[in-house]
Amino acid sequence: MTVTEPKPSYKYVGTRPVRHDGLEKVTGRARFAADLNMSGQLHGIVVRSPHAHARIVSIDTSEAEAMPGVKAVITGDDFPAVEPGHRQYDMCINVIARDKVFYEGHALAAVAASTRDQAQAAAAAVKVEYEVLPAVLTIDQALAADAPVLHAHMMTAGANPPAEEPSNISNITRFSGGELDAGFAEADLVIEREFTTQPVHQGYIEPHACVADTGQDGHTTIWCSSQGHFNVRSSTATLLGWENTRIRVIPAEIGGGFGGKTTIYLEPLAVALSAKAGRPVKMVMTRDEVFRATGPAPGTKLRIKLGVKRDGTLVAGDAYLIYTNGAYAGPGGLLGAMTVFESYKIPNFEIEALDVVINTARSAAYRAPAAPLTAYAMETMLDEIAEELGIDPIDFRIQNAVTEGDPSTMGFPFARIGFVECLEAVRDHPNYKAPLGPNQGRGIAAGYWFNIGESSSATVNLNEDGTATVVTGSPDIGGSRASMALMAAEELGIDVYDIRPVVGDTEAVGFTDVTEGSRATFATGMAVVEACRRMVVELRGRAAKMMGVEVDDIDWVDGQAVYTGSDGDKAPLSVAEITAKAKRTGGPLTATGSLEAHGAGPGFAVHVCDLEVDPETGVVRVVRYTASQDAGTAIHPSYVEGQIQGGVAQGVGWALNEEYIYDSDGVMENPSFLDYRVPVASDLPMIDAIIVEVPNPAHPYGVRGVGETGIVPPIPAVANAIYGATGCRIRDLPMSPIRVLDAITSNGGSNGA
Amino acid sequence: MGTSGSKPLAAGPGVELTAGGVSAMGYDLMLSVMRYASPTTVAEAVDLLGSEADARVYAGATDLIPQIRAGRPEPTVMVDLKRIERLCAISANGSTYTVGAATPTADICADPGLVAAFPGLVEASGLIGSDQIQSRSSWGGNLANASPAADTPPSLIVNEARAVIAGPGGERTVAAAEVATGPGQTSLAPGEILVEFELDQPPARTADAYLRLIPRTEMDIAVVGAAARVTLDADGNVTAAAIALGAVAPTVVRVPEAEAALIGNQPSGDALAAVEAAAAAATTPIDDKRGTVAYRRQVAGVLARRAVTIAAERARERGGQS
Amino acid sequence: MSRVHVTCTINGDPAEFLCDGGQTLLDALRDEVGLTGAKEGCGTGDCGACSIVMDGRLLCSCLVLAPEAEGTTISTVEGMASGDDLHPLQQCFLEGAALQCGVCTPGFLVAAKALLDRNPEPTETEIRYGLAGNLCRCTGYDKIVRAVQAAATQITATNES
Amino acid sequence: MAVRVHLSSNLRGPTGGIAEVEADGSTVGALIDDLDRRYPGLGDALRAGVSVVIDGLLIAHPEYEPVADGAQVYFVPQTAGG
């Protein structure tokens, strides 16, 4: 670990206790959504479109309804109509199609029956008449002059002059700074490169699942796995046209999300089926459905031009980015535009980014959305430039890296950030100098992610025995309960194992936004700290009563109320001593913290990847990997390392083998873990995680989110290492054995520029 | 896969009527319509399979269950062969090894006799899926499933394995090479099952090797597979050779030109170059989601050359022992 | 179609359940027996989240028909700890932070135990290949491999002392 | 109360491309109202999914955020995450 700034010495923060929910998870007792069963429950199955693009002429459910065990069949007609312009129009018509289906696997009806068998049989008996429409499957097809338009209402946002005709471009984002032409005129070296990438899936191991139980009072309870149960509540309510108060969402353990569970798919269907049948309804997706109907991160076409002076100073950058967001508007291009030049001082730049719709599943967030792809382009080009100029690639990045006070692409000056520290940490790591064997190459790359704040709530309840329960609204997706307990222990001064961190349901804790944008430990942690500080104020007051002194003469020191006044010695009071007398000093001790967290500190990461290429087959094996990342302050270092290592693995998979493959009709050809190839244990080496700590001034413990940044550098790190091993620059993902061998064969091993 | 499970009812201009949603979407098996039977003798199994048209052999089911979930028609009876002792046994009798067709490949990989005699075939057996799959996968399943990309058939073929087949008309023995006739198709008659495989102890200075190309290190289907077996004379010249390729044609491809190029030569230099060229030329691959024609062709040559090299090295090490 | 009556031993205890002929053992364990530790991540034997041991063999229970369990002895993650004493693998996973979301964890523990039962002192490479049938999307496998190494060391030390 | 307002380049349509403008207001909401009077249409742009950075602090929903005299306020697009 590299600690780059002095920080207070903490008793609990920065230690590595066993996570509080760990025992349940290693004994098989933890309840994930598919593990829950209600008495009398029905099983729901979704009827999905076999076509990538079609108008629904009619849906005949009569035969299905008459089948044995069938208790309810629903279609889009069972939900309130939505019109374009509705706040969550896309989400609504994605969860259940209305007039049109927009991708293969699009849900258009659902069936509930006594057994899953019966439900499957009934789903197969729902008769759908389609008018099959030409499918738009690629960026080029979407932008063609005669392209079929997916959404008749889609007028390009951000177009200048304003769009007059609908198109498949949902949004154009433009950023600029300085004078582009003048910048390139100053440059001694200008390079321009194009890249293509394919959609990929988050690949969480737990398929989406939920149980909904709607009572005769019209209130429903949903048990589900999500990154944010308050969002499940509000989105489900929106789809059903209900008030939020009719829905209670109880979070199950979540088996991975990575952004893919920040939206909803099944819950409104389960509620509608349950309401219609008067019974609880359980719905569990198959892996096939997960691939076809949820989550892909965008595919892209990227073109970037960079200008640099001979001394290594970047002077100009021009980026043209196109992101597909599946069948609906999405933020891929916007986020690409916001990240592409963000890590470097580039005084003259123009960025234009298009968000494009095609007939594939609606894209969902995936860990630092859009950033890994802009990094792929930028960081491989920086490598080329550094080589051309004869500068060490890390020195070149240090020379151009943004530091505190430098303007971001969007104009504001960066606060204290740890980019240079991450670069130095990798430069000084033995991996950067380790000898390479034959056919091996080394690549480095950097990555950036904003991180976000948003709303969080926490309640601290002191128990009669002096232990504490900390309730938050953030689903624990990777160890955040332990982080909450550590911060609470630090604040209250009680042992971390005397704190029970709990994820509360929508009726047990204040509103909390989705666990996304690496915000849980940052923002929900702030809420926990706020609640604990209020609790300490209350504890001092109670102690003052018990001691018969003024509260101003009580300090809170290491978990005890300590008298600091001049009226003789008084024995300090522990939390347990105070809670034991709570009935006599004012009643139960509870405190809450709810806030909108400002100042999420940006995260930077720098990775070095060593790999070996079989020059005769193009097979790539990663042999050594080191990743540095600025965590601000690591609350639980093991889980910070885990986030970094997990991001690396996903990024390496994205780089080498992961991709959606569609046939010419838009039918996904690889909807299984057999042919959608996420890395297995033997594909990876140990991943050395270096935690850099440049505290975030906006957080009481200096936390920066760590969940996302780690997935940004691996793709370019791998690409740069492949170049090192083969002399080939590969600018299309994935860099599969086929592509690598093709590059080696066609380039004869020379630089692919 | 894909839309294969949906049933077009009528077709008009631009309009398609489809019953049901998308294909199987990976749904569960239809539990209630399927029966499970576990005969303990070959005769019983043959009777069961002959009694119903939709009866299916259930051995490891590592391919069968995923295929059904992907939309393949469901059997009415699953006939589990794993309780028939003969189908799960490994024995050596004189110079012949007999391996039950449903013997888990994990057992094959742990059998010292097979490991010593057929290192390449054992490697191929060990490459099928994960440890979990190894508990279930078998030569019989690998061959009867008739995937062009199966790992063990090329090695069974270069080792001239014989398949013992039982059916309503009794038992017959054929070369393993004659079992698969095309993707998903075999020469097994209705009601016939693979019972066991017979392999002769290789002669002196003989060994085999198997290599496959997958994008990951594990868990993938072969993009190309190559098995080789060579016999050397005391001077290290090749006296017999067999080379077979998987995943590059509808069935396993033998490469007689490559074999001929080796005979009488040291397995090096020009002879290996000839093996590589002949192997590449022998392929008739397809473009699919797992590979391209050009890639498969090129890599088939590379793997054939490397497999011959490894087999020859092993044959040298083995020396005069048979 | 009448259901099939299966008698077997699960985690050391006699067990009986009724299942359908086409039901997978995974579904039977989860829905009929009530043991939900094994998870369905794929249903096609590609992720290992449903790993169990049946008659000494490590299996994906999603690829086994439940009637096949008749007369067998089955171990699941629920049977790994002895009373309050966690198996060293469970303890090492906890202490080594070898789980994040935890949904793959039961499968990894069962597979890792099968690996160590067969090969008590595996190399890192043997661990990685031995666990290649278990997908984890959170950890990058680093801490899982280290936890298995730590457990192997602990088990070997205990057996030698 | 004069405040320097910086607009990220995608928000400069209504100002005719000008990046830095003066505005009055004691909260971000008041600033936006004032900006809308000076540059018609800018108000709508700034109310839809826009964050601010004040004194290095990123604030996602800033309408009532107080602004000190002489402050530098940067309007930027709102981010999301996975």
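A, B, C and D are the chain letters, set down in written order, and residue numbers restart from 1 in every chain.
The rule we apply is simple: a residue touches a chain if its C-beta (ideal position, glycine included) is under 8 Å from a C-beta of that chain, and two chains touch if they have at least 3 such contacts.
In this text, all values refer to a predicted model and were calculated from it rather than measured experimentally.
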>> Quick check: more C-beta contact pairs at A-D or at A-B?
In response: A-B
> What is the distance in Å between the mean C-alpha positions of chain B and chain D?
Replying inline: 67
>> Report the inter-centroid distance (CA atoms only) between chain A and chain D in whole Å.
In response: 27
>> How many angstrom lie between the centres of chain C and chain D, each centre taken as the mean Cα position?
In response: 56
> CA centre of chain A versus CA centre of chain B: separation in Å?
Replying inline: 42
>> I need the residues of chain C touching at least two other chains; which ones are they?
In response: 20, 43-44, 46, 129, 132-134
> Which positions in chain A touch two or more other chains at once?
Replying inline: 117, 202, 257-258, 286-287, 672-674, 679-680, 682
>> Where in chain B do residues touch at least two different other chains?
In response: 26, 28, 30-32, 66, 69, 217-219
>> Touching pairs of chains, all of them, please.
In response: A-B, A-C, A-D, B-C
>> Per the contact definition, I'd like the list of chain B residues that touch chain C in the complex.
In response: 26, 28-36, 38, 58, 60-62, 65-66, 69, 74, 78, 80, 82, 104, 106, 129-133, 135-136, 217-219
> Which of the residues in chain B end up touching chain A in this complex?
Replying inline: 1-3, 6, 9, 14-28, 30-32, 66, 69-70, 213, 215-221, 223, 289-292, 294-295, 298-299, 302-303
> Which part of chain A faces chain C closely enough to touch in the complex?
Replying inline: 16, 18-19, 21-23, 25-32, 34-35, 37, 117, 202-207, 253-258, 284, 286-287, 477-479, 636, 638-639, 641-643, 645-650, 672-674, 678-682, 684, 686-687, 689
>> Going by the contact rule set out above, which residues of chain A touch chain D in the complex?
In response: 158, 160, 173-177, 202, 257-260, 262, 331, 334-335, 337-338, 365-369, 408-416, 449-454, 516-519, 596, 598-600, 697-698, 705, 707-708
> Which residues of chain C touch chain B in their complex?
Replying inline: 1, 4, 19-24, 27, 43-46, 48, 51, 57-60, 62-65, 67-68, 70, 111, 114-115, 129-130, 132-134
